[in-house]
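In this document, chain identifiers A, B, C, D, E, F and G correspond to the written order of the chains, with residue numbering beginning at 1 in each.
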Amino acid sequence: MNALVPLPILLSLATAIVTIFLGRSLRGKIVVSLGGGGATFVTALFLLWTVWSRGPVVHAMGSWPPPFGIILVADLLSSGIVLLASGVAMVALCYSVGYVEEEGQRLAYHPLFHLLMMGIYGAFLTGDIFNLFVFFEILLISSYALVAFAGEDYQLEASLKYATINLIASAAFLLAVGGLYGVMGTLNMADLSLKIRQLHDAGPLPTIFLLFVAVFGVKASIFPFYFWLPDAHSSAPTPISAMLSGILIKVGAYSILRVSSVIFVPLWPDVQTWILTLAAITMVIGACGALAQSDVKRLLAYSSVGQMGYIILGLGIGTPLALVSTLLFIVNHALAKAMLFLMAGVVIEATGTRDMGGMGGLARQMPWTAGAFLVGVMAIAGVPPLFGFFAKFLLITAAIEAGYGFLAALAAGLAIVTLWYLFAAWQQIFWREGNGHALHAPPRLMKGPGFVLAGVIVVGTVFLNPVVNFLRNVEAQMRQPANYVTAVFEEVSHRSGPSEESK
Amino acid sequence: MTTLLAMTIGTLFATGTFLVLRRNALKVIIGLSLISHGANLVLVTSGGFAGNRPPIIGPGGVGYVDPLPQALVLTAIVISFGVTAFMVVLLYRLYQRTGTVDMDQIRRLRG
Amino acid sequence: MRRPTTLIAEIVTRWAFPVIFLFALYLLLAGHNNPGGGFIAGVMTAAALTLQYVVFGMREVQRVTRSSYLGLVALGLTFALGTGLGSLVLGWGFLKSGILHLTLPIFGEVEVVSAVVFDVGVFFIVVGVTVTIISLLGREAA
Amino acid sequence: MTDLLAGLLIVIGTFFLAVGSIGLIRFPDVLCRMQATTKTTTLGACTIFLAAALKFGYSPIALKSILALWFLLLTAPAGAHMIARAAYRGRVPLATHRMVADDLKEVVERSAYLSEHNIDL
Amino acid sequence: MSLLLHGALLVVACSTVLCLYRIVMGPSVPDRIVAFDAFSTNLAAVVVLLVMRDGLVELIDVVLVLTILGFVGTMAIAKYIKKGDIVD
Amino acid sequence: MKTQKLWILTVLLAVVWCFLSGGFTLANFLMGLLMGTLTLVCFRPFFPWQPSPRRLLQKVPAFVRYVPRFVYELIKANLQVAYLALHPQMPIRPGIIAFRTRHRSPLGITLLANSITLTPGTLTMDVSSDGHTLYIHTLDIAHPEEVREGIRQGLEDYTVEVAD
Amino acid sequence: MILLLVVLLCPFVAAALTPLLARYLGTRTGWWAAAVALGNTLALLSLLPPILHGATVQYTLSWIPVLDANLTLMADGLGLFFALLISFAGCLIMAYGRFYLDPREQHGKFFAYMLLFMGSMLGVVLTDNLIALFVFWELTSLSSFLLIGFWDDREASRYGATKALLITASGGMAMLIGFILLHQVTGSWELQSILHQGDVIRASSLYLPILGLVFLGCMTKSAQTPFHIWLPNAMEAPTPVSAYLHSATMVKAGLYLVARLHPVLSGTEAWVYLVAGVGMLTLCVGGFLALAQDDLKALLAYSTVSQLGLIMALYGLGTAQGVVAGSFHLMNHAAFKAALFLCVGMVEHETGTRRLSQLGGLWGAMPWTGVFTLVAAAAMAGLPPLGGFVSKELFYEATLQVPEPGVRTLFPILAVVGSAFTFAYSLRLVYGVFFGKPGHPPKHPHEAPLGMRWSPLILAACNPLFGLWPAPVDHFLLEPMAAGILREVVHVHLALWHGFGLPLVMSAVTIAAGLVLYPAWARIQQWQGDVFSRVSLDAAYDGSLHVLSRSGRDVSLALQSGILRRYLLWIFSFLSLLVLSTFIWDRVSVVPVEARSVLSYEGILLVLTIVTSIAVVLAPRPLPAVILLGGVGYLVGILFILLYAPDLALTQILIETVSLILFLLVIYRLPPFIPEHASPGRLLRDGLFATMVGGAVAAVILATAGQGYFPSIAEFFLRESVPGGGGRNVVNVILIDFRGYDTLGEVTVLAIALLGVFTLLARKDTR
């Protein structure tokens, strides 16, 4: 069963390889690509089921016991988010088939997509801090390539800026890993967790912790590290925008969650103020940026900045309730923002413009698209009854309970601003008198995926109890790093491989 | 050794930073390369300098330096090579399409 | 036809190339016990091929080698993934290396490590990637 | 004995390396500097390689040193030739006031003329 | 012997500095390439001296690599310099 | 094709392999043959040179005469450069002279050109496209014809015997 | 009782089905919607008997039990009254809407939204759970948004929709925080439990915040001054929507909540001053504004504002009398105001205009409409023998008996003033439309179709009924409702004739003052026009949105300048700040571990590296810069040798050469370095930043390198390399075995880089 853990990563890689081998065969690439994505999704389901029923599952690469070898750990958090990622990826893939032009698909689109997914899954599953760096780089470089995929000026520009900023972050990551290794002599997260708890004097660890937070903050696009996001997320091909905003930025939040809940547990007070401050500023910046946009994708991108502010805010408050809200935000934003991007792509395809001023009146011609878009808008704006509301509600509750009245008020106030710009955007696109231009009908494969996500959001709202219950379990597991550590080191006693024989 | 190396690495980061803050995109990429040199050296420095022979097991097996940072750096070097290669080509394409490598002029995306 | 470089450069390169390539192979095979390994060997090979490009010109070399290096990358990835999956299927976990001790007539005691196959995969990938990038750019520059 | 010889070679090699670098600094134009490096630096390095070969006797180090030596002797002149050619054709300013002959000038100018007017002979 | 080697290392290191001077000061690009070539050869010598000093067999491969790559690099630069680049 | 003649190259490569693997043992040599073959298989068209063993053997005496001459010139060259480089006034009279060579084989031209570069005060700068004229930069030219004569007698006589 | 759930879900299900049914029903969709509402009304009536006996009807559907957010349905007198109001008014208005809407309009969409609203509104009044209540509360805002924007091609509709949404949602957000605080105090989300804890709540330090925040929500929803500004703009909605949402039901949600929380929040001075004070203010402001309107719907909108203020004031008095009076007036208001809206709708439908200046003398053409309007307006004006008269008398009486001394004289005066305005604008409405000079409407007026007249007839007929025969109202509606609010048994005995007393005098004064005010409407109109062109709450709303969006644009343009360097300055400075801060605040010490001394040549090589890297910065052209970069790379390789890392040295040197070639191939095509034109100040600044970054990095290294709090795991690799990994080169064994996964990732990165390059270069088109 433990072999299930690396499978999402390996399946993605294998799919990528096969699609490279397939050369320029379009049909073959699409079939393999969708098949691989589907298989990964199914694997992720099994993985989550396994973890749910058996507790954290650990896979030691090469059978080398932790802390020496690299291990992959699937606990509820990681397997849950892997499932989320693979689901959204599958939807985005289907969309891509309709969206990405044939030549692009014949080129490297499919392998790059799956390699991106490989990086994402790896980053979620790995239990080794340096391996995390490697997977970060995988997902980053494939996203640079995908952002620049269609080769337009602005895409190249966005990709260059995105890559530059993230390269600096990578250097900082190495600095942090080097520092951590210099002090602790190990790279395994569970081992680090054990050892840091034994320390009486934290020494330079606060520095390192903050460095990690900053590095992950770049991925999570916290202020002042977010500058790449509005450019990259708005310029990328639409399904990639959906993946970047839906899943990729969550990797940063996830990593902060990981290092703070597993490794640096005793040092949390040292960074909490920073995190809260930056999260608050991020929320404001996201709102400011979104208010200024007339380009629908750029607006959605800025909205992602703001949402990341909420996610990080919950993380910073750090109470169980706040963490549940953060998780709920992650799920909500992953589904809703991905859906909004996909639908924005439909609208752009139909009207031939990204400028909302040039759209209008689409509700008459595309009522279902309008409805789905509205669901997304409501979800992001946290309009009840969709579960985006509950994320917001829990966050505010948690902030109040933890005594952060100001932050609660800020979150509430900015929620209104979010509501404003999203509804205004929706109005601009779907209401008003149409400009009378003939609409270009987007392929069905582009519309379907958005509806699927909208459906998932609605169904998820109806069955919110199991979702929240699951997230509470996730949170409870996170709160007990001992579980994680035990699961990792139990691995040693369970395994018996050739290395045992040679000793 | 640590102090002098720290100074060296600091200089690599500083010069890299200075270059990254220039207008010419090529300088930016060169700056990034310097920074990644620095970062690689950080990793190799992290293990400290105990030991005085390369980690290649031979007779009289003591005094090896810490092999792990070396392996990590190897990975890091390769990765930064890959990324640099990509960026160089990206820059090339950008120049082809926009006719400039001036980062102050490559600012269609703003606001 | 105009020479991309000169006669002297060409002749020296013809002499140097096999040595460099052999050295690369040596680094590949010796890598497990001495400095070297798939990556280093791969870059070395790529450097040798680059030298060929530089001296003989892109067109000439492509006429001679004719192969697609993208396929080489995919092949290398298959090698690397294959060794990992092989051990996974055998129930040892991903990328578990096996060691085989052989005693051969002339070579004496030889250790065959399955991880070396992985290293060969790495070698292919590195050669493929480096050479393709350089030749693509070279074609642009030409 | 071998140690003594090796030591001597090291001294010689080091001397030539230093001289090469000094020449590199002092000579007036690129072609003259090249004269310094291709000869002295190459010989200096070769001498030191030889010293290593001598010091370690029949050993991997020695064999590889010899290989490196051979390789250096093979390639250094070719490299120098390529640079010199590029330099001259790129019209690097030379110390012309000291030059006593230039047989290449005419040839290069002719070929430059031909290539400028797209004439392929 | 060790003292000699140490001295030799010192001298060669200084000689490397001279090469660097030429790389930095140019004035022309071929000057820099020549200096670069000499620089890598000097570094190869440094490595050989280190090998001799510490008896580290493992490092000798580096010498070969440096020699080979010095050549490859020089050829590449020599080929790809532009006319406009030759003179600063 | 002359595949049958490739064995000599393979053996040469096997020797190089032995250098690389640190010893002339049978195992290394066999491995070298394998690797040499691999090299030739992979990059066959890069090796147009097909030496015949007999001609190779014939060249040995010439080669033996050439090597000491070359080493002598090499040392002389270095001392000369050292003298010039360290001399306070730096008494040089540089210039570029054309040199028509008797060599006709590419290998010979290359050998001569390299030898010229490594020997006193001369450096092969360029070679004409037919390969028959070498352009040589010289550090200290008293008279161009003297330099040409020096090269002819000091090197070309020997290299022509070795490779042409 | 599951019936409650059925009643609640029925409109939602019906709403979902409506677009589908509309394809077959066409213009008859309205009947379907009205039938649903009627069914709901009947079902709710069946709940009346138990509630009359003081029982409550409950049903719980668990939704998110882990968050205690369940669909706890509870119907008591208050809830049932509202539910009946919602369903019954819904039935009448949707039946009316079927005629009102043009056959070419999207009936399916319209009635789906209406039913969605009806369900949401039922949810508000029938849930016991505050979270669920909030959910429905926001859903009413959403459906109101959709309905106001029904004619989405009109700019004014979109403006009104957004305005209503923003203001009510803002209040809702405040209310949500209030609920959260309430939950903190009481530990429950269930009203059943919260309503028992009045003393706890009032004693809590959070009482004032709770009161303020929750009341803010009620104020915005019920259009209390100064948040009344959205209601007039909401009149852009089709008239049935105005009648239903913006007079009869949705705007009463705030009143409902005030009534609902009456037991726990009232009983303090703060309650009276806040709730009643705001109510009184709203009463007067609304009336004053209503009188001057030219647009009939605007007049009705402000009148609604005013009347809602009246009811709010009554609830705010905190007395049982006030509650009864308020509840009764609420009922009356629903009847007369809905009737008036429908009548205005008919006028508009038949004449094509709503402007008083274009109307007049319609009595002859539209007698039925005229009668309905007259009756309803008279009720609004508080004339006997209509229900409005009774409730106004009760209002006066209640204001006269305020316990708080500070407002004992003020409130009655304000009550009279507000009512005088009410009288005046009622008069203006009736007279201006049906009497006086005939106007010049765009269409030739005639009576509205019969089907359209039924609903206003029924609604208008309620008014004399309430006034002349209040007993059933007392018994079946008012008593249970008051009991629901006050949570105690209340006996109400309403009568048209109250006997002589101060209230009657006040009524007389009201009528007199109203007659005085009426002719002044034109002057008031002019005055308002003058003032509002300079300063108004609407302008404040628009201005604040404008300021918000402009400052958003300014901030994002300032930060997202498009200039990479500025982004990097932020990032670098923040990274170094973060790092350096820990050395100061967290007192991280910098005590380097020096395990090895520096030999002379090592020193030279290190310094050489430093110098070379600085030389890269100074390089004048791309090529030298790249060559020097290669030099740095080689030197780093040599440093690796000094650190006993042959594999690294090999890799570094190889990679450096290949990178050099890559750079060469590219700069071959790139332009030379452009002059930076950097001022010395900027160079100095960049230099300082660079130094700061370098210093921070050096500090981190000094603080961490080789500190070794724990033995490194590297021992394992050295030990296991040969036996376990089968190789003596530990680094290689780590790479391809112990940490082969990293290597797999690393080569994947390379492959991706290639794919990226491949794609970039495959796109052939150039500028």
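Assume a contact is a pair of C-beta atoms (placed from the backbone, for glycine too) under 8 Å apart; a residue touches a chain by one contact, two chains touch by 3 or more.
The model shown is predicted, which means the values in this text are computed figures rather than measured ones.
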| item | value |
| --- | --- |
| Chains contacting each of subunit A and subunit E, listed by label | B, C, G |
| Farthest chain (mean CA position) relative to subunit E | G |
| Most distant chain from subunit F by Cα centroid | G |
| CA centroid of subunit F to CA centroid of subunit G, Å | 86 |
| Centre-of-Cα separation between subunit G and subunit A, whole angstrom | 27 |
| Computed distance of Cα centres, subunit E from subunit B, in Å | 21 |
| Averaged-CA centre spacing for the pair subunit F and subunit E, given as whole angstrom | 23 |
| Multi-chain contact sites of subunit F, meaning residues that touch two or more partners | 16, 20-21, 110, 113-114, 124, 126-127 |
| Touching two or more other chains - residue numbers and ranges from subunit B | 13, 20, 28, 38, 40, 42, 45-48, 52-54, 56, 68, 72, 74-75, 78-79, 82-83, 85-86, 89-93, 97-98, 106-109, 111 |
| Subunit A residues counted as touching two or more neighbouring chains | 13, 20, 61-62, 130, 134, 137, 141, 144-145, 148, 151, 156, 160-161, 164, 168, 172, 175, 178-179, 181-182, 187, 230-231, 289, 292, 498, 502 |
| Each pair of chains that touches, named by its two labels | A-B, A-C, A-G, B-C, B-E, B-G, C-D, C-E, C-F, C-G, D-E, D-F, E-G |
| Residues on subunit C engaged by subunit B in the complex (per definition of touch) | 33-35, 39, 129, 133, 136-137, 140 |
| Subunit B-touching residues of subunit E, taken from the complex the two chains share | 54, 56, 58-59 |
| Subunit C residues within the subunit G interface of the complex | 27, 31-40, 43-44, 46-47, 50, 54, 70, 73, 76-77, 80-81, 84, 94-95, 97, 99, 111, 113, 115-116, 118-119, 121-122, 125-126, 128-130, 132-134, 136-138, 140-141 |
| In the complex with subunit A, residue positions of subunit G that touch it | 62-67, 69, 131, 134-136, 138-139, 142, 145, 149, 152-153, 158, 161-162, 165-166, 169-170, 173-174, 176-177, 180-181, 183-184, 545, 548-549, 551-553, 555-557, 559-560, 564, 567-568, 570-572, 574-575, 578-579, 581-583, 586, 588-589, 697, 700-701, 703-714, 716-717, 720, 723-724, 737-742, 744-746, 748-749, 751-753, 755-756, 758-760, 762-763, 765 |
| Parts of subunit B lying in touch with subunit A, wherever the complex brings them together | 13, 20, 25, 28, 32, 35-36, 38-40, 42-43, 45-48, 68-69, 72, 75-76, 79-80, 82-83, 86-87, 90-91, 93-94, 97-98, 106-109, 111 |
